[in-house]
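Several structures are given next for inspection.
Two complexes are shown next, each including chain A; its partner changes from chain B in the first to chain C in the second.
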Partner chain A sequence: MTIQLTKVQLFLLMFVMQTGFVYTSFQNMVIEHSKRDATIQFLVVAVIFFMQLLFFERMHKYFFLNKFTKALYLIYWTSYIIVFVVYITYVLTTWVFPNTPESVLIAIFLSVCLYASISRPETAINIGVVLIPMLLLFLLFMFLTVKNLSVTNLLPFFYDRSNTWFMGFIFSTYAFGGAEMYIVLRKYLAKSEKMPKKALAIYFIILTSFYLLSITFTLMFFSLEELKLIPEPILYILHSVEVTFVKRLDLFFVYIWLSWSLVTIVNYVLVIRVVYFENKIKYPKVKLLIFFIVVGGTANVMFRFSILEFLKQNLVYGVIAFSFLLPILIIVINKLRGRTVSDSVKSS
Partner chain B sequence: MTQTIDIKLEIKRLNKQFLHSSDFIAKEIQLGREENVILCYYSSLVNKTDVEQNLVNLKKLSESSSQNNQNSKQNSNQSVINQSEKNSENNQDSSTQNQQLANEETITITTEKYDEQKLVDYVCNGETLIILLQSKQMIRLQNAEFAHKSPEEPENEQVLRGSHEGLVENLDVNIQLIRKRIKNNKLVVKTIQLGNETRTTVYYFYVENVVDSEALKIVENRLNAIDIDMLYSTGQLEEYLDDQVWSPFPQLLLTERPDRVVANILEGKIAVMSDLSNNAIIGPVTFFSFYQTPDDFNSRVVVGTFYRLTRLFGFVSAIFLPAFYIAIVSFHFEVLPLELANKVKTDINQIPYRPLIEAMIMEITIELIREASVRLPKSIGQTIGIVGGLVIGDAIVSAGLVSNLMVIVVAFTAISSFVVPSIELNTTIRTLRFPFMFLASLFGFFGIVIGTFLLVIHLLNLSSLKRPYFSPIIPFDPVAMRKVFFRGPYYGANRQARSFKSKRNDRE
Partner chain C sequence: MSLTGFEGEIGKLTAYYAYPEATTTEMKTVIITGKGVSPRDVRQDAELNVEQTMDLSVLSTILISEKTAEDDIYNYLDGYFRDSNSPITSKLAIVQGDLKPFFEVSEDKQSTAGEYYDRFITSLEENSMVIPYTLQTASTIIFENAQDLALPYLKMGEEKHPKAEGLALFSGRSFTGKILTIDEGVLLNILNDSLGFATRISYLYEDSPVTVRINKSKRKLNISEDKIEIPLKLEFILSEFPKDNLDKKNKRLELEKFLQDEIEKDMKGVIKKLQEAKCDAIGLGRHVRAFHPRWFKEDWNEHFSTLDISPKVDVEIVKTGILE
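Showing the complex of A and B:
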């Protein structure tokens, strides 16, 4: 399966994959450790991410996956999707369906993802566009809470450092998980498309602002003590928005977030398809069906609050390894060996 | 004598070939002083007065021609008419004579070698044939008069401002209606005959320098690939041209308006028509093409934009409103403001059925009323509307089968579905409500989200003549998207609007 991406499509895929999993929940993990320094720590990690993007753009011709690294990434992405499915199910059972068996919920939303995944690749590539108006709505209603925000909550910096202050940097990397997608998908960029630094900078600014907004709003809306009790601060902020025509606005945002999450899963599966179905394989639809059965079954087995908490605390190390370190390692090794993507294509 | 025998035998053969059909006429007539010929035609397809008048003229012409021939003592083999094929000089003469012969501008006359199979085709096509057995020639008088209505405004696509003409079931009139709006030789019309038995004439229009050439190729390939015995409806033709027949969404735009055809072919699309119906099939189109009407472009910029947005809102409310109501009443009462929630609760507490059943009663009633009013004559149709809307609507609430709010929701939904300027999309939307209602009754908002996701994926998978159906939203084109929602002023456009970028195809 081969695809051709435009610049906009590449960044759209990146944006969805980098925000879909963690946007509503990563804030309290960062703030728990870094307290009021969360914004600073986040910005530091953001700058590292930007530098990494520039590095990827410069060195992308040296990045290709061999059988071993492909297998590693397959395991990582599949685990990532499984954790995410568990998390979606947890949010849905908490907020909307306390009495519905989780296996039913998992089966329903994974069936939809399966339908999108067995459709033509263009569908998965472009489906993120439908999220744009929803995200704008999301932001608009976030801003309706401005009157409830307390700006002084943001300060002072470097005042109340805990022993685990450094962990703030670690958990901030959650926001940039999926950065490896840039270099994985870079070779599918249409040849007519150029990637200027300005485009990378714009993407970086949009993504960072989007996350920074969520962190600052969380800090300004809740006290540090309150945050310990709130797993999805963004949904709680939206819960507090009051409009005259409807109550419980948060319910709508749970569903917007659900759509966002489904698109994210579809996009991750797209990348898996692109990487593993690069050469024509037999029965791709059956293999995708098996993949989704494995994901759904595993997620169903792992659906325990304690397991979810453990995964949330530890998955970040996988993010650091697979989004930041491994791509750099692959590039450095290939650069030293002098092997490029075109060499790998010829040899295969 | 031999000639007469031959003619009688040929007439007998022709009658046999046309299976002694009662409207088939084959008779011997005398043309000029020397030659007896056979005249044949379908009396149901030609105007008999025209045939008689043309024969009289033809005889006069033949006589004067033979007199001239005698006077000039030229070779008698040069018959009155058939010289046109052999001699270029005579060809010119013949055409001049033909011009005189034809009293009406619509009649064209050609002469060609006698061919039995071709004769059948021509006669079936409504032509009058004169067979000259001696010289093995036949004269074609193309004066077919197929029944068709006058180009009145189509009832299905009425507009407030703009042209009030409509297409008809006639090739020449339709071409005239289009050519009158595009007076340019770049407007191309091509015809093809389809159906081994019906020999239906299908024709398609495009503008040479703006047409989407790949889409044109697809249309031509698909038309050429049609191999059926009987083509008798536009629906058949549409299915052969569709990319995905099983989708509920129409992938080609059907219109009866010549101005709409013109606007579309000027954007690079192709319009396919036939003598079967007064509908033009236009492609490639996008989902949003179905929401545009000539009124948008004939009214003020702001007004046109407003109504276009209203129509798009109509799409959302027509599909989702009943489902939304069911989801709220069944699962998510808490989203309603307290005052409204109390009223709704009091209202639906009196209803013995689940919200889905309540909604289904009303929706099916509305569908029955709609279907009945379409099938019945206009005068009775109005009565059905009153009986259905007022009597049943009021009685059903009084009987306690349906709540007042449900009636409001269903009425609003019905109105929303009728704002779509395309009948095909209208029926699609009306059908799509039902699965959403079921999903909402099973899972509430979650069901609606899942259904919407499936709908969006389906729309993304669709294409019209291999062009993306959901363009310009997907693939995302912000500039073109603005035009979908907002009708800009004409002076702003400095080049001809195009439906699709030349290199953009569905695989992008």
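Showing the complex of A and C:
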């Protein structure tokens, strides 16, 4: 399967994949360790991410996956999707459907993903557009809580460091998980498209501002001790918004996040299809069906609060390895060997 | 259920629930009681008295008896934060004496009992008599070691009608037993920079009443190690002043000086009460921690009570209504 992307499509895919999984929850993990330094630590990691984007853009011709690295990424992305399915199911059962069996939720959720994934690739590429108005609404309602924010909660910096302060940097990388997608998808950018540094900078600023807003709102809205009890701070903030026309506005946002999550999974599966179905394969739809059955079955088995907590605490190391370190390692090795994408295409 | 309340303590708790029951001609409030060891347990007990599962998704107000609030108040509220169906925008109030009469009073009301107290407390907030808190914003303060709660304090009036008595002062997570009066509550809101829609202050000036409404208020904080100065610039609109003649500058300046001295004196009284209760309801601790962290102490309540805190009020009458 081959695709051709415009710059906007590439960044839209990146944005959805980099936000859909963790936007409502990662603030809790960062602030738990970095406390009031969370914004600073996050910005440091954001700058590293931007430098990495520039590096990827400069070196993208040296990035290609061999059978071994393809297998590694397949395992990683599949695991990432499974963890996310477990997480979204957990959130749905606690916030919206407490009485629905999780297996039913997983089945419905993944059926929609499967349907979108077996459609034409253009569907998966462009489906993220529907999220844009929803996300603007998401932000608008977050701003309704401004009167309850306390700016003094943001300060002081570098004063109340815990023993695990450094972990704030580690968990901040959750926000930039999926960075590898840039270099994986870069070769599918239409030949006519140029990628100026300005475009990368704009994407970086939008993504960083989007996340920074969520961290500052979380810090200003909750006290630090309280935040330890709130695993989904953004949903909780929206839960506290009172409007006259509906009693539980948070349900509306859980559904927005659900759509956001669906699109994220569809986009991840698109990348898996692009990478693994690069050469024409037999029965792609059956293989996708098997893939979703494996994901759903595993998520169903892993649906435990204790397992989810363990995964949330440890998946971040997978993010660091596969989003940051492995792409750089692959580029460095290929650069040393003098092999480029065009060489790999010729040899295959 | 639109209204609930607790009295007793963990291990021996009583809760009341009020829900509306509509007939073809009228709507009345039904009160049910539950007893048990915890807030969730009493709810289960109360459910034995009704024909359906109790639904707290439209809960508007939670009343807590003053004796119960002397315990760690979070013990009674945890269940409301944990349940996604529970609205965290409900109002909270502390009540004097027995809880049941506060529920009975709503029996013949046309609106639901919770809405009645919700409107009652909202009106106090709009008049800057109590600090506006919801269940969620109160929870943030419960977990915050640099600020304390001051919740509406209600008592049963002589005509069996709930009356706002003032503000119940908390130190940490527990009610101290000390309260501010409603007038002091207004001054606390000025100090706290949490003014409602209308903030009015009344005094007797040379045997004549004078009432002013705050047009604008600007608060600053000058913080040093053991002294906090609170300069306040207050702009007033005159609401009531039968003596008139404020077009004469010296008369106006005299009145402004009078108001300034009186407000400053009363604010000192409010701060003294807060310090005696070890209740930093103004949230000074948050500012000290943010901008002068070396002077912030983890046991802030204790430290707050030893600080030299002085308000400096600067008053200006900017409007006199449609009369001179």
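Keep this in mind: the second predicted complex is superposed on the first by the 348 of 348 C-alpha atoms of A that agree within 3 Å, B and C clash if a C-alpha of one lies under 4 Å from a C-alpha of the other, contacts with A are read in each partner's own complex, and residues count from 1 in each chain.
Following the convention adopted for this analysis, a contact is a pair of C-beta atoms (placed from the backbone, for glycine too) under 8 Å apart; a residue touches a chain by one contact, two chains touch by 3 or more.
As the structure is a computational prediction, the values presented were derived from the model and not from experiment.
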When chain B and chain C are modelled together on chain A, clash or fit: fit
First (chain B), second (chain C), both or neither touched by A:155: second
Chain B versus chain C as contact partner of A:94, first or second or both or neither: second
First (chain B), second (chain C), both or neither touched by A:221: second
Angle, in degrees and to the nearest 10, that opens at chain A between the C-alpha centres of chain B and chain C: 100
First, second, both or neither for A:255, with chain B first and chain C second: first
Per-residue touch tally on chain A - higher for chain B or for chain C: B
First (chain B), second (chain C), both or neither touched by A:239: second
Partner chain(s) touched by A:247 [first = chain B, second = chain C, both, neither]: both
Where chain B and chain C come nearest after superposition, their Cα distance in Å: 5
Chain C-contacting residues of chain A that also contact chain B: 96, 247-248
Chain B-touching residues of chain A, taken from the complex the two chains share: 4, 6, 8-9, 12, 92, 96-97, 105, 108-109, 112, 115-116, 119-120, 122-123, 126-127, 129-130, 244-249, 251-252, 255, 258-259, 262
Contact footprint of chain C on chain A as seen in their complex: 94-96, 98, 148, 150-156, 159-160, 221-226, 229, 239-240, 242, 247-248, 250
Chain B residues within the chain A interface of the complex: 332, 334-338, 443-446, 448-450, 452-454, 456-457, 460-461, 468, 473-476, 506-508
Touching residues (chain side chain C, partner chain A) in the complex: 57-58, 81, 84-85, 87-89, 134, 136-137, 139-145, 283, 286-287, 289-291, 293
